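Data first, discussion second: the structure below is written as structure tokens.
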Amino acid sequence: LTGIEISSRIKLASKKDDLDTTIVRVGDIKIGGEAIAVIAGPCSVESRKQLMDIAKAVKQAGAKMLRGGAFKPRTLPYSFQGLEEEGLRLLSEAREETGLPVVTEVVSPETVGLVEEYADVLQIGARNMQNYPLLRRVGEAGKPVLLKRALSATIEEWLGAAEYILAGGNGDVILCERGIRTFGKLTRFTLDLAAVPLLKEVTHLPVVVDPSHGTGHRQLVAPMARAAVASGADGLIVEVHNEPEKAKSDGAQSLRPEDFKALMGELGAVARSVGRRL
Amino acid sequence: LTGIEISSRIKLASKKDDLDTTIVRVGDIKIGGEAIAVIAGPCSVESRKQLMDIAKAVKQAGAKMLRGGAFKPRTLPYSFQGLEEEGLRLLSEAREETGLPVVTEVVSPETVGLVEEYADVLQIGARNMQNYPLLRRVGEAGKPVLLKRALSATIEEWLGAAEYILAGGNGDVILCERGIRTFGKLTRFTLDLAAVPLLKEVTHLPVVVDPSHGTGHRQLVAPMARAAVASGADGLIVEVHNEPEKAKSDGAQSLRPEDFKALMGELGAVARSVGRRL
Amino acid sequence: LTGIEISSRIKLASKKDDLDTTIVRVGDIKIGGEAIAVIAGPCSVESRKQLMDIAKAVKQAGAKMLRGGAFKPRTLPYSFQGLEEEGLRLLSEAREETGLPVVTEVVSPETVGLVEEYADVLQIGARNMQNYPLLRRVGEAGKPVLLKRALSATIEEWLGAAEYILAGGNGDVILCERGIRTFGKLTRFTLDLAAVPLLKEVTHLPVVVDPSHGTGHRQLVAPMARAAVASGADGLIVEVHNEPEKAKSDGAQSLRPEDFKALMGELGAVARSVGRRL
Amino acid sequence: LTGIEISSRIKLASKKDDLDTTIVRVGDIKIGGEAIAVIAGPCSVESRKQLMDIAKAVKQAGAKMLRGGAFKPRTLPYSFQGLEEEGLRLLSEAREETGLPVVTEVVSPETVGLVEEYADVLQIGARNMQNYPLLRRVGEAGKPVLLKRALSATIEEWLGAAEYILAGGNGDVILCERGIRTFGKLTRFTLDLAAVPLLKEVTHLPVVVDPSHGTGHRQLVAPMARAAVASGADGLIVEVHNEPEKAKSDGAQSLRPEDFKALMGELGAVARSVGRRL
């Protein structure tokens, strides 16, 4: 197929031929088809009002799904760890209010069942990309999985993680490039956008990009979101907050609702320029 | 204390003054005192005979503890995943036979109880360094924890992970440097030995080094083990296999028993040269 | 201006306010204005016929400048080192034939005078980004300088290198992102596209992107070229070869003329989608 | 010879068999033999008094050669760039006074002749490791060359650089590991000590280690110097300053003379423990 070779032991995640493409369906939304799916919302669910305000704003701007963390893995035990089940309930209320399906992170095998009750897509965070008991558990779940790349995972290790989910019987895996760790100092991570067309060569799974974590700076989110679409990404996951300066996590990289709305207009134009649409 | 500053939010793992040093006790063995503790054994427990032969050999050569994996996190679901509980039983038999306390990996919160029944030290592998539910669970365990550094963890992220265990009430944390991911191609990882004296400046926790994973090549294990001792490490964890060419995992980086014996002689000399002993 | 801070010691390269933008002129071509300048050509000048064929093809496809190496820095002394002055003469012939200004690399202070006679833009390669005597010498030259980023240069080190040229009196510096060295194995380098909008925040200098070296694979060049334009790049430098399989260097990452032509069509559409043009 | 393979195109730098070892002679000093050569001195030559005081102190403590920079490559043009020829003269005076041969950096082909008049060993800095005209020029010089590893050079690229010097006819090349660039934040670079035994497997050239640049912190220099000796290094190059807080460059990583003296005692013990001596 190409001059780019991956291990032949990656059986289920690897692409068989040019036409081999997986489209993941979340209700009416398709990820991996012609339309580019934009997922947006706050880093953490903080309160009903915060979540509802943001959910309505991103819905109005054209987002197709709502993101929001209820279980938050944090570097230190003293940081805000999320509202947990209360956060899940609020996400589910926001879905009822806006119609947006919900993407939220799951951090342990024993809470997968709980999260599944409320969420439409189960997110595996970068820190858990090689948490194999968790991958096996979501492999048995009835919901699609958004699998973030670990900070220093090679493409093959990432596809190896997907393989655990696929081998468990869950074929609905969405890969999410969210930046890798390099020597760079001015950005939080280095967004490896070339991973998008590279993955398109070697796997049939859809690929979305997280320009918020991938850069760490609000000013860089829109340009990298446009670039992601131009590189062939099937979707984006973008952090939006109505009061970024008060956010309990990741405020510096969160767009304001009005910035997000402007971005959606830009993205529509870029999508059309590469033969796709929002 | 020094010109090297870490976040003041790392409360429990940080060093208060020059005399602030933790010694972790495993039976009669002390880790963090004058003597350097060498932990040795196979990557994976493969069979009773394999384990017993290796355990006796490393005991005779002077190892203080036995390592061996029963639950093996592997990049692909098709690789050997360990003997699981049967492996734990064999490790416990090897302890009875040799008197060596056992260090083995735990990969999920729900199996911590099981592993605790058999093991003397609970190992958290690099892939799980930021698996916070697991860290919280071993924080409640009654056994010391050997916490490996994640492939791309900064020193502060690593100490943040230790903080979860300490905050849970388990003060017996041993840090293990096992190589970081860099651009290097001829070695499996880049062993960051400077992390040893750096940690000695900022934390009271003992530090051991894994020169096997840290290099990936048998020929580099002995020089880097000697270097680790000279740099101030409190211990080593070394892979030894009686038939490396047949090993189910990590054969290329496993020492043969006779090489390990020779290494122990060398390490004794280096330890004395820096005012310590095996 | 922004929340992204660089050292105040970077005086000449740093941006003073939102309107502070440098446009570098090469004949009629402007780099840093509304139009996106595409520079294309072979990695190495190999023969008159090779160069003329490629030069005509890229001209016809819409390229604005011709690239081609006459002095080639190579990892080993036994590799093809370029045609040197003969290569410069051929480049100059190709300019006469096509009207395309010529960009070519200069590798030592003592050959700057010679290269200046033939070239329109002096390229400083990644390996020489911190070759300060060379930077000082091109700082005195009368031609614009295209300054490639070193494999592991931070943004500040890169701007520090530009500062040497600017301080020498040559204000026509074009920055070129060409990929950084990371742990990635399937691509030659990791193209750090976020450097483009980041540089737009902190410097007034124009920025171009090299998707050929940045990825190392022909299949990834077009998607990353589109992404570069969408991210805000002022230009591209793309390797094109009429017989990539016979190229003396970098064949695997060179586009064929027909692929380049197709790419130019795509780039025009993406450029318009972000309010620019080729 | 080993399971570690390098390109067969590295002809002159590669090791032919176990006994293939090069000893570089600088006057009476041998680098690569049983004795470990310690090179010490200030980062920059700043004044006659500064240099003489330091030279005498390191001589008395047992250093075998004097280091000191006269031409200083600096990230910004506004930083102290060295005393240049005046610095070379002072170094040569210090040699007369102490008998210590002098190691100093050369930064351009056209100044090699000048530096050769004063220095005993020509240092190629990390930034110039792939400055091929410079490598070719020192390949024709009559003095040994100390070749520092570039910040992100692979082992093969480093040996490729050595190959340029060897191919030029100068067989006296000393490799110097000085730290690589990684994601680490608390140290200036990551000292890749495993490069020492790795190089011993694949090349016959002697290897020295720079624990000063390699760590960037005075407190880490002694432990890493000891570790380097234990790993098999043939020498060390250490920054010493009599007033580190006033140093024009690299003060934070410079040892005080009394610290250096203490280190020399420690190194003697470690050297003996691995069958060598200072």
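The first chain written gets the first letter, and so on, giving A, B, C and D; residue counts start at 1 in each chain.
The criterion applied here is as follows: a contact is a pair of C-beta atoms (placed from the backbone, for glycine too) under 8 Å apart; a residue touches a chain by one contact, two chains touch by 3 or more.
Remember, predicted model here, so these are calculated numbers, not experimental data.
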| item | value |
| --- | --- |
| Maximum centroid distance from subunit D, chain identifier (CA atoms) | A |
| Which of C-D and A-D has more C-beta contact pairs | C-D |
| Whole-Å gap between the CA centroids of subunit B and subunit D | 33 |
| Interchain centroid distance [CA atoms averaged], subunit A/subunit D, Å | 47 |
| Between subunit D and subunit C, distance of the C-alpha-averaged centres to the nearest whole Å | 34 |
| Touching two or more other chains - residues of subunit B | 152, 156, 181-183 |
| Subunit A residues within the subunit D interface of the complex | 181-183 |
| For the subunit C and subunit A complex, residues of the former touching the latter | 2-4, 6, 152, 154-156, 180, 182-187, 190-194, 196-198, 200-201, 214-215, 217-220, 223-224, 226-232, 252, 266, 269-270, 272-274 |
| Interfacial residue positions of subunit A with respect to subunit B in the complex | 7, 9-11, 73-78, 107-110, 127-128, 130-134, 136, 151-152, 156-157, 160, 163-164, 167, 181 |
